[in-house]
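Each in structure tokens, the structures are laid out below.
Heads up, the next two complexes both have subunit A, just with different partners, subunit B and then subunit C.
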Partner chain A sequence: MGGLNTSLSIGMQALDAAQGALDVTSHNIANANTPGYSEEVVQLSANSMTMSRGQVSGGGVTLDGLQGTQNQLINLQIQQQTSLQSSTNTQSASLQQMQTFFTTTGTDVASALTALSSSLVALSASPGSSVTQQSVLASGQNLAQAFNTTANGLTSAQSTADGLVTESVAQINTLTQQIGALNGQVARLTASGQSGGAVEDQLNQSVQQLSQLTGISITQSSDGETITTGSGTPLVMGDQSFSLQTTTGSDGFQQVLDFNGKDITNSIQGGQLGGAIQVRDTTVPGLLSQLNTLASQFANSFNAVQAGGIDSNGNPGQNVFTIPINLADAASGISVAITNPALIAVSSVGSPNSNGNVASLSAVLTTALPSGQTAAMAYASLVFDVGSQAANASTQSTAIGENLLQLTNQLGATSGVNINDETANLIRFQTAYEAGARIVSTIQQLYADTMNMMT
Partner chain B sequence: MQINPNITPTILSDMNQSQSALNTALQQVATGLSVNVPSDNPTASAAMVQNTIDTGNVDQYQQNVNTVLSTVQSASSVLSNVVTALTRAVSLGTEGANGTNSAANMQAIAAQVQGVFSSVVSLANSSVGGTFLFGGNGTTAPYTADSSASTGYTYTGTNDVSSVAVGNSLSVQVNLPGSQVFSSSSNNVLGSLNALVTALQGGNSSAISTATAAVNSSIGFVSQQQAFYGNAENQLNSQETSLQQDTVTLASQATNLVGINLATAATNLTQAETENSAAMAAVAKVMPNTLLNYLSPPA
Partner chain C sequence: MMAAGVQDRNRLATEYLKLLRSLATELEMATHAISHNALAELEESLADQQVLSAKLSVLAGELSGPGEANPSTSPIRVDDRDLRKQILIATDVLQKLNRGYAALLQHSSRSAALMASLLGSFKGQFQEASGPRSKYQTWSCQM
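And then the complex of A and B:
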């Protein structure tokens, strides 16, 4: 009866293996759309068979376990590209918001310069008219407001970015805690010789979320993953996580500190945090400084020409524009100092209908400011700057998006759940189960036949 | 070759691309512009700053030309009237100098010349829109008949001239002060008329002849001054033509920079719509396809 018993136990093993494989296949199908899930593959191995004295013993199949299909290399590339894209997207969103202030809307600086220029041309033809004088004064006020609005638009984008810094740091801290805990679990599973499986998928998913927030660098160690910022500040080591902190800096913005309290703001790159810091500390200050220089130089030149002329009351021209002493506040704080249109210095000789100074006032718009550019050129280069930065950010984001799509497809090809494959597997293992069951029923029949021999 | 069984990311990316192309095409048709924000074309947006300023200026230069042109034309026609009046005074003077007039006639002629004098003073005080044509920058009527003055009048205008901007770095002088139009070192239009009145009142034929000759020479002088306004008018007319040209150039530059041909925009829109529908149709066809569709349910 030994031979039949062997066959029966092989049949049972076949049933167990097919059952296990069906379980794994069902698990794969069930998680086909779970974010970060990677396909599990069932590992089967054949038991050895021995033959002694004409009797076969052993044999059958063993379900060894499950093999994950994570691809760490592609995961790493995806994390890097995700950081880059998230940083670019943050900058792109800010620039899109900022560039609306440089679009011709009628209240932008270009429109205001246009109106001031043509109102001065009109003043040339009717220097004594209070209507044309009023129109010059109103255009001056509009220009000052356009500078204010544009500067406020830029600083508002800057404060939004500053808010994003605080928010990103909080999210980073939550994620690094989770990652630390998951890291510990994976390390314990690996130590006991088990596959990380679902926990590892979850870990990968969290790390990927972290890479959206800031650029990270990952090294594997016996304790699990060690995650640092791009410049080496530790975030997670094994099951330990290190929180970042924020504190208000001398410029009034949030600075990022590592767990030791060291300021690492300038070394952070990539991710939403890197993008926000880039916008806040580089992009906006660069644009604001151009705008401030323009506002201040234009206003000073205009005031100088105004001082060289004589107003309709016969007095030397007073300042038309008031500019804050601090250059950094020039564009946001510029205002018009006079309210009486008769105070515009139209004349160079002092007689009421003379327009001798109007040409010089107009010339402020057409001659180079101390920066070497005319007001229009200086503003045009600012428009170009904003526009090309916005265009570059958006092009870059699209390019990285393509790249990421490629990588995601690669990852999907190696570790994604293919419903067609799983369906085929389902049929395969169903058939295997049926065949296993047939072995058992055949052996049962043989037992019965053997029993009947005795009667 | 391994393929990614999850086609959703690719599908989403394709659909986003086609949707964004559709949005762009739609916006271009709606605004008629290919550049709506600086990032659409940074170079063109920057160039548009100068274009907008220039367009505004050219519009205003054209208005200035029109305003100034009417002033210059008025001044020119006033001077024509002055010449006519002076010619009348010369014929009256010639009549007064022929020695056949009675004392009463002489007084009548003198009164007529006096009338001519008054009308020339009034012409010299002409104003357009509140600005005195021959008063320099003065704000009150420049000429007053003044019998106590040796010339018979006083000039209260200024000696200023005005130049009005009518183009980039082009301004046209649009007036001559009365002190220059009606008098010089050798001619004095109003003075000569006043002297003729005095001579006619005095009745001395040779004095009348001398005074008439002086008025006659004034005619030539005023005609010379009139040439200034003729030149200004020519200059303004040619500038107006050039400004119209500038308007066309600037508008076509703007179209080249940020505009879009309506036919192109419409074609782009149609193409984007077709692409979008094709992408959606493809998705609808592909999405539900799995092996399961082709397996009969277990019996």
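And then the complex of A and C:
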């Protein structure tokens, strides 16, 4: 049994430790509903016991510090899923925007192809009529315009994505600076034996936000968190942050450079930035390529048939459509070259009211183009492609959202504050203290009895 | 040679001393358990304390009874001087420990009442965490 001083010292240490623990508990309860808050747990350590004359004496207890209960593995999964979802959401939003250019509005490519086909049928019936000739010319103009509108719509979505790249890089730089500063704070607090809990929660929130912007990889070191992009470009190392930069590339779009000026655009995946780059550099170019090929092949086929016929003036047919030399500009630059309806090569032999070439012009719409599909089918494939990608992105986003919900619940269960448990423990402690108080009274009485017995 | 009555009282006094020391050890253990938020250990220690203090009360009653050796002249019920000294020291230590323990319990009870009030004021405002609960506890002796 230890001496009086030892006993009092143990009691005082216990009181100090308990005061710290109460503060933590109050903090936990007060923050039970704070997003991102993780429960803090008091770390107490027992001082060594001493043995004196065969009696063991307790060494008391010391409050070592506080420890957050963040589950790092779940946090990592949440960051990965958040990054994936953000990328998918960005793509989904862009594809939904693009889908509007492919819906049947009467001025879309499919409607224009149908209208052109109808006007050619009418022209076949009245090949000498300037009205039917004008109708075919107008339909051709509408078709060219539909190609232009669709291409411009896709280009506009691409520009939006490009703007998002610049915006995301700026946001990433702001966050990496914050994370670096928070890393420094956590390191300083830890070194001085204080709780880094609140700062760590802030840090986790910032990292979570960063993962929404780009795919990241995190490793823990003695200096704090080291964060890199998925491909290893450093973003944060301890309290140091490394800013990304943007520069205009040869294609006119913003390229992402690391802190050394190396172009890392193609290696960025995940997050809003990864999604924007995916839309800008892959999704839109793929759709534009299909549209350009369709516009170019259709115009060339139509022009070729036109060239084989004779117009109302008895001359060989001129090109109806003008297509830019560069295939990449075909859909956006296609236009109708003629303004005089009499220049449509109606006849195949040059005799008045002959409609021999109209059937050939109509056949351009029903015959497979060099791509292997008719113009209508090629366009339908394009529409299906857009719709399918949009639907996939949406489905993927929903699935990731469900995963995230589960992970967040899981994190809440391991890191959050459970009031039921806290209440149950409170009642048990209260009961125990009451029992302890009764024993204290008994011991007081025993002291009196003993003194009485000994004197 | 000591009389049988004296031997009995010394045996009881030795037992009494042993129980006093055990109770003091239990108070230390309880203080330690409270400080570690070790609720189960605290409850176990409390049960032991109850048994020990009950036994001590019974023994104290027996030792306070009239001594057979010289009941009319000696108010001292324990005949062995050294044993008596040890009992007094052990009682003194127990008393001091008991004061510290009482202060700790009082302080903790106040904190518990405070927290009960805090919980009451927050009642109905919490979104309970779902899923399996972790083993972490935050209640302390202050609670």
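Everything below uses one rule, namely that the second predicted complex is superposed on the first by the 361 of 455 C-alpha atoms of A that agree within 3 Å, B and C clash if a C-alpha of one lies under 4 Å from a C-alpha of the other, contacts with A are read in each partner's own complex, and residues count from 1 in each chain.
Just so it is clear, a residue touches a chain if its C-beta (ideal position, glycine included) is under 8 Å from a C-beta of that chain, and two chains touch if they have at least 3 such contacts.
This one's a predicted model, so the numbers in the text were calculated from it and none came from an experiment.
Let me test your reading of the model: by the given contact rule, A:104 touches which partner, first (subunit B), second (subunit C), both or neither?
In the superposition, A:104 touches subunit B alone.
Look at A:125 in the shared chain and tell me whether it touches subunit B only, subunit C only, both, or neither; answer first, second, both or neither.
Touch partner of A:125: subunit B, not subunit C.
Just to be sure I read the superposition right, which of the two partners does A:380 touch: subunit B = first, subunit C = second, or both, or neither?
First partner only, subunit B.
For A:443 in the superposed arrangement: first (subunit B), second (subunit C), both or neither?
In the superposition, A:443 contacts subunit C only.
Is A:432 contacted by the first partner subunit B, the second partner subunit C, both or neither?
Second partner only.
Once chain A of both complexes is superposed, is A:349 in touch with subunit B (first), subunit C (second), both, or neither?
Touch status of A:349: first partner only.
Once chain A of both complexes is superposed, is A:423 in touch with subunit B (first), subunit C (second), both, or neither?
After superposition on chain A, A:423 lies in contact with both partners, subunit B and subunit C.
Just to be sure I read the superposition right, which of the two partners does A:76 touch: subunit B = first, subunit C = second, or both, or neither?
So A:76 meets neither subunit B nor subunit C here.
Which partner does A:264 contact after superposing on A: first (subunit B), second (subunit C), both, neither?
Touch partners of A:264: none, neither subunit B nor subunit C.
So which bits of subunit A does subunit B touch that subunit C touches too?
32, 409-410, 412-414, 416-421, 423
So in the complex, the part of subunit A that touches subunit B is made up of which residues?
Those in contact with subunit B are residues 32, 95-96, 99-100, 102-104, 110-111, 113-115, 117-119, 121-122, 124-128, 349, 351-355, 358-359, 362, 365-366, 376-377, 379-381, 383-388, 390-391, 394, 401-402, 405, 408-414, 416-421, 423-424, 427.
Show which residues of subunit A lie in contact with subunit C when the two form their complex.
Listed in rising order, the residues are 1-4, 7-8, 10-11, 13-15, 17-22, 24-26, 28-30, 32-33, 39-42, 44, 46, 55-58, 60-61, 69, 409-410, 412-423, 425-426, 428-430, 432-437, 439-440, 442-447, 449-455.
Given the complex with subunit A, which residues does subunit C contribute to the contact?
These residues of subunit C touch subunit A: 20-21, 23-25, 28-32, 34-37, 39, 42-43, 46, 49-50, 53, 56-57, 60-61, 63-64, 75-78, 84, 87-88, 90-98, 100-109, 111-113, 115-116, 118-119, 122, 125-134, 136-143.
Under the stated contact criterion, what part of subunit B meets subunit A in this complex?
Within the complex, subunit B touches subunit A at residues 2-6, 9-10, 13, 36-43, 45-50, 52-53, 55-57, 59-61, 63-64, 67-68, 131, 136-139, 158, 160, 162-165, 168-169, 171, 290-292, 295.
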